[in-house]
Every structure is written in structure tokens, then in C-alpha cells.
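Residue numbering begins at 1 within each chain, and the chains themselves are lettered A, B, C and D in the order written.
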């Protein structure tokens, strides 16, 4: 999928991946999340917990919310808190809120006992985001994090992301909109010249 | 009272019918309690049919 | 017209409130009389002995499971033709009751059959079609449970109920025909012996008691269903209230 | 250590109880299969009693297989599966726990319903007990082997039929020993325990092979 792609990211900084539609921003994030196998190359998280794979120390916040409509909002979040293994080490002190507190922070505390089926798209998105706050993990992989959020929630999300960076976390995010993050590196993905684009079969 | 050689079958059928009816009654009552509790919880949050346009508080 | 006045859910709830205590009292009284007659005044059958007493619950529950399906079919027409919300509520809350009555008819029939025919179950036309009716009831209940949106679920279930209403007589006839191919009419049929008035009266009283029981349970279940939909609507409102809450939360950025 | 396992178990049980009552539908399907057989072979009670254990086993097999396609698919569709792969928990155990919860909510009701349905098939009490016992031991194996098929077809839109086609051959040994031990209990000369113990062994093997193969398939499916 990618050729000659290499980047490194320092603690407390964010990488914003930009590029045209279909260039493979989502694929890059999914590769980092370990959901797409690497053909060659490595992903390393230095200073992390050595016995764990990089993706087990990362949160993936993708297009899908992973919200079960039949469970209550709190049950959804409780499950992820118990199920996802936390990952902390000395240089990273991420937030580990209690589920209710996380819901309150995101402004959906009053829905805690309702079945998640009653949530609007934006509320489901925020419930999914609350997942990142209840289990501390140093790396956040966020694919279009601001989609389905209104302006106010977007501001709040930026606040949370900056907090995460300040606590020593890493963020890799694919986005179309400008994000006011504190420390930004930009990775711009570009398609090679059409002339260079030889179908793989032709090479065989 | 003597129910004859097949008393067991008679008692069993009446007993099972009674159980089924009791189960139905229990279902109806528990369901009612559940719905009323949910309505009450919602009313405590300030959401009720009477005041449709009032939000929280 | 009085019927249409009470078709409004809120008025309906009020009507239930008034009607229910009387119905419950009447139902209990009828059951007391019916059970007394069934056990103390009704004579033994000269052929079946005391097992005839099972008839006083078996036959009414069998009647009721048919009647319940009729109620559901009429309600389904109400759902599809007039799109009336209470019709759908009525059909949905009748299904579990119908299933329970069908279950009672099957169980008592089978417990009656064991001493009389020597087997709990016979693939006889009547029993088989009642078993199919039970499957229909349970299938309808599953359909209602599986679909989230009560309006959509109500329409789907109404279509299935009506198709089932057409299909059940066909099942009855075809099974009759299927069965007689293999088994000559040696089976003791319920409708075989002419019924004596000393047995007929307890049966009629019990049938009335069962009918009252059905209406009591149906009204209570319908009330629950109306409440359930109310809860659903209010919960949707409760969730959507959040908009202002978000704005206030973002005024003070998260720590 | 075990907290996450309980959380997953409880979540899966809750979901299966709340969504559409999969247990009810499974048992209903079982009942439908059992009811349809006499229409096919005729209402001859002696014949039904003879083939009754086989009918119950085939009914349970089909009911189990048809209920399995949602085992992972529902989680994949809403993105939960991706997060489960990243959760840092052993995937084999995750599969095993999901299977256990799935069996409790769909397999166990089949076992409980089996004695009731065997009345329709004119089984005597010994046969009834034997079939129930074999189903109790055998249906977990069906779920565990079916999980392999469920994870292989997880990315397909209409995986249900393919799942059944893939898994039925693998369940043949379980069917053979399940039915033969039930038959052995009915016709005295053959000992009941021999095929029954083999059935138990098959279930234990399935409890090892199923989760490992299924976890491997899930890892490949995630792309």
C-alpha cells in the first residue's frame, strides 16, 4: 500500500496525516493499530512496555463507534474499561477517569442509564471517545476524530487531545480540518506520479 | 375427594395451568412495575409528558 | 362513537383503571363457581372416569387460544388498514397470552391423552394444528422482540398474523387429510361423545372464566405496552436534552 | 486478571438476552425442525421413536449453526472486533469466553427443551435422558467448532449459509457419537459409556482446537 514511508514521533507531540481522499490515511492508521498486517517494515514504541505489541498500547478511534445499542451507556463504557488492558509507564501519566466522570466530562452524563440506542450520532461518538479516557494508553490513533461532532464538542475534543499530549502521550490523526493542537507535525501523503504508478501485475 | 386411578394426571394438568396463569400474572405485574419505575426515573430527571418543552432542571 | 373515544391511549388507560377491578372480581368469582362445579357437581364420565375433569380446563383454553388469534387478526387489520396505534398494542400484548393458553391446551390435552390413549402425544390433526399455532405465536413474539422500531415491528407482525390466519385453516384441513392416510379414525375425538348438560354447564362457566381471564390479562398487558411506548418516547427526549449540556461543558474546557 | 473475562462474559450474555431473545428463536427453530420431521416421515409413533434421537440431534445441530453467524459478525459491523483485537487480551481466551456465553444463551436452552420435544417423538424416559445427556455434552462442541466457521465468514455479508456448509463436515464425528451413544442407551446390548466418553473427548478437543483456529482466522480477517 505504501512505499518509502517512514516517520517517527516524539513524546508529547501529534502527527497530523493529511492528503487527498483515498490516498490511504485510514489504512495508515489501521496499519499502526495492527489491524492491517505490515508487508515489510516495523512499528516500534520506544520506552513502552516491551512485552506488549505497540497496538496494545494504543487506542484506535475510528469511524465506527463500537457502541452496543442494547446496552446502557454506562454498561458500554464499563465493559471497555474492564476489557481493554491499560498501559502506563513512568513517562506517561494518561487520564484514567471513572466511567461516570468520563461521561460527565463529555456532556453525556445524564444519559448514563439509558440504552445507547437512544443516543444521537454525535452522542454515540462522544461515548466512543469516553473509552479513551477510562483506559490510559499512551498512543491515540484517531481517524477523522471530529466527524459527527458539533463545534462545541470539537473544541472540547481538542482540549482533551491537548491534555493527552501534555501528559506525555502521542497522537496520530487523519483529518481534513485544521486542528488547533499544541505540538503538530504534519505528514502529507501524496500519490506518486501517474507515470510511476505501474500496476503490480505488470511487474511480474 | 377421590379422583380415581388417574388423579395424578388431573392434578398435574390443573397444577400446570395454575402455574402458567400465575406466570402470566407475574409477567404482567413485573412489566408494569418496570415501566412505572422507568417513568418515575425519567420524571425525577424532569422529563415527563406534562411539560414537553422543559429540559433538565 | 364510544369506541373511538377510547381509542386514544390516555383515555384508554383511564378506562382500564375503571374497568379492571370489576373484571378481576368477576373473573375470580366465575373461576370459583366454575372450579366448584367442575370438581363437585359434575359427575364422572361413564367411559373416562374422573379424567373428564381435565376437560374443564382443556377445552376452554383450546377455545381461548383460537379466540386470542382472532383478536390478534382483527387488531392486525386495524394496524394495517386504520394504522391505529392501539390496534398494534392490542395485537402485541395478546401474543404472549395466546401462547400461554395454547401451551395450556397442549399440556392438558397431552396429560388427558396419556391415560386415555396411552401416549402423551399423537400426531393427530387437531393436536398438530394447535402445535403449529403455538409456533406461530412464539414466532410472532420473537418478531416483535427482534425489531427495535415498534411501528415497523407492528406492521411486519400484522402481515404475518393475517397470513397465519389464512394458513391455519389450511393447515387444519391438510393435516386432517395427511393424518387419515395413516391412521384410521380410532382416536377418541373430543367432539365424539355428545355432552350431557351436567357436564356442559361447568364447561360453559369455565369457558366464561377463561374468557374473563383473557380480557383481564389482555387489558393489563395493553396498559403495560402503552406505558412502555411512553417510556421509549420519553427516553428519546431524555437523550436529546443533552445539546445545551454540551455547550455548557465546553465553556470550561476539560482539564 | 479475570476481571476482563467476567466483563466480556457478562456483556455477551446481556446482549444475547436483550437482543431479540436469541435463545427463544433458537429453541423455536429447534421446535420447528422437530415438528417438520413427522410431516415428512408420517405420524407413525414407532418409527418416530426409533429415529427420535437422530431428529433431536439434527435439530440441535441446525439450530446451533444458524445461530452462530452473528457470533463475531455483530462485533465486526460496529467496529468492536477491531478494538477487541487491540485490547491486549489473549484472543483465544476471548473466543472461548464468547463461545461459552453464546452456548449458555443458545445451546443450553436447546438442551433444556430436548426432553420436552422428545415427548412429540414418543421417546421413553430412558431415551429422553440419554439424548439430553448427549446433547448437554455435545452441543458445546458444536458451538466451539462453529466458531471457526463464524470467524472465517465474519467479513462476508451473507455468511450464514456458507458457515453451515463449512462447518457441517467438521461436526460429523460429534453427530455420529452423539446419536450412537443415545441409541446405545435405548438398545441395551451396546454399552452407553463407550461412545459417550468419546463424545466427551471430542468436546474437550473442540475446546482447544476451536478457539485457536478461530482466533487465527479472526486475525487474518482483520484488514
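The rule we apply is simple: contacts are C-beta pairs under 8 Å (C-beta built on N, C-alpha and C of every residue); 3 or more make two chains touch, one makes a residue touch a chain.
Note that the structure is predicted; figures quoted are calculated from it, not measured.
Colleague: Mind having a look at which chain is the central one, using mean CA positions?
Modeller: D
Colleague: Per the definition at the top, count C-beta pairs in contact and tell me whether B-C or C-D has more.
Modeller: Greater number of contacting C-beta pairs: B-C.
Colleague: Using only Cα atoms to place each chain's centre, name the chain farthest from chain A.
Modeller: C
Colleague: Roughly how many whole angstrom separate the Cα centroids of chain B and chain C?
Modeller: Inter-chain centre distance comes to 15 Å.
Colleague: What is the distance in Å between the mean C-alpha positions of chain C and chain D?
Modeller: Centre separation, chain C to chain D: 32 Å.
Colleague: Could you grab the centroid distance between chain A and chain C? Build each centroid from C-alpha atoms only and quote it in angstrom.
Modeller: Whole-Å distance between the two chain centres: 52.
Colleague: Averaged over CA atoms, how far is the centre of chain A from the centre of chain B? Could you give it in whole Å?
Modeller: From the centre of chain A to the centre of chain B is 46 Å.
Colleague: So which stretches of chain A touch two or more other chains?
Modeller: 110
Colleague: Residues touching two or more other chains, restricted to chain D: which are they?
Modeller: Each of 19 in chain D touches at least two other chains.
Colleague: Could you tell me which residues belong to chain B and also touch two or more other chains?
Modeller: 45, 56
Colleague: What part of chain C is in contact with chain B in the complex they form?
Modeller: 39-40, 44, 49-51, 53-54, 57-58, 61, 96-97, 100, 103-104, 107-108, 111-112, 114-115, 213, 217, 220-221, 223-224, 227-228, 230-231, 234-235, 237-238, 241, 244-245
Colleague: Which positions of chain A touch chain D when the two form their complex?
Modeller: For chain A paired with chain D, touching residues are 30, 33-37, 52-53, 55-60, 62-68, 70-71, 75, 78-80, 82-85, 87, 131.
Colleague: Applying the document's contact rule, which stretches of chain D touch chain A when the two form their complex?
Modeller: 3-4, 6-8, 11, 14-15, 18-19, 77-80, 82-89, 222-223
Colleague: For chain C, which residues are in contact with chain A within the complex?
Modeller: It comes out as residues 148, 235-236, 238-242, 245-250, 253-255.
Colleague: State the interface residues of chain D toward chain C in the complex, per the touch definition above.
Modeller: My answer: residues 19-21, 24-25, 28, 31-32, 35, 38-39, 42-45, 48, 119-120, 122.
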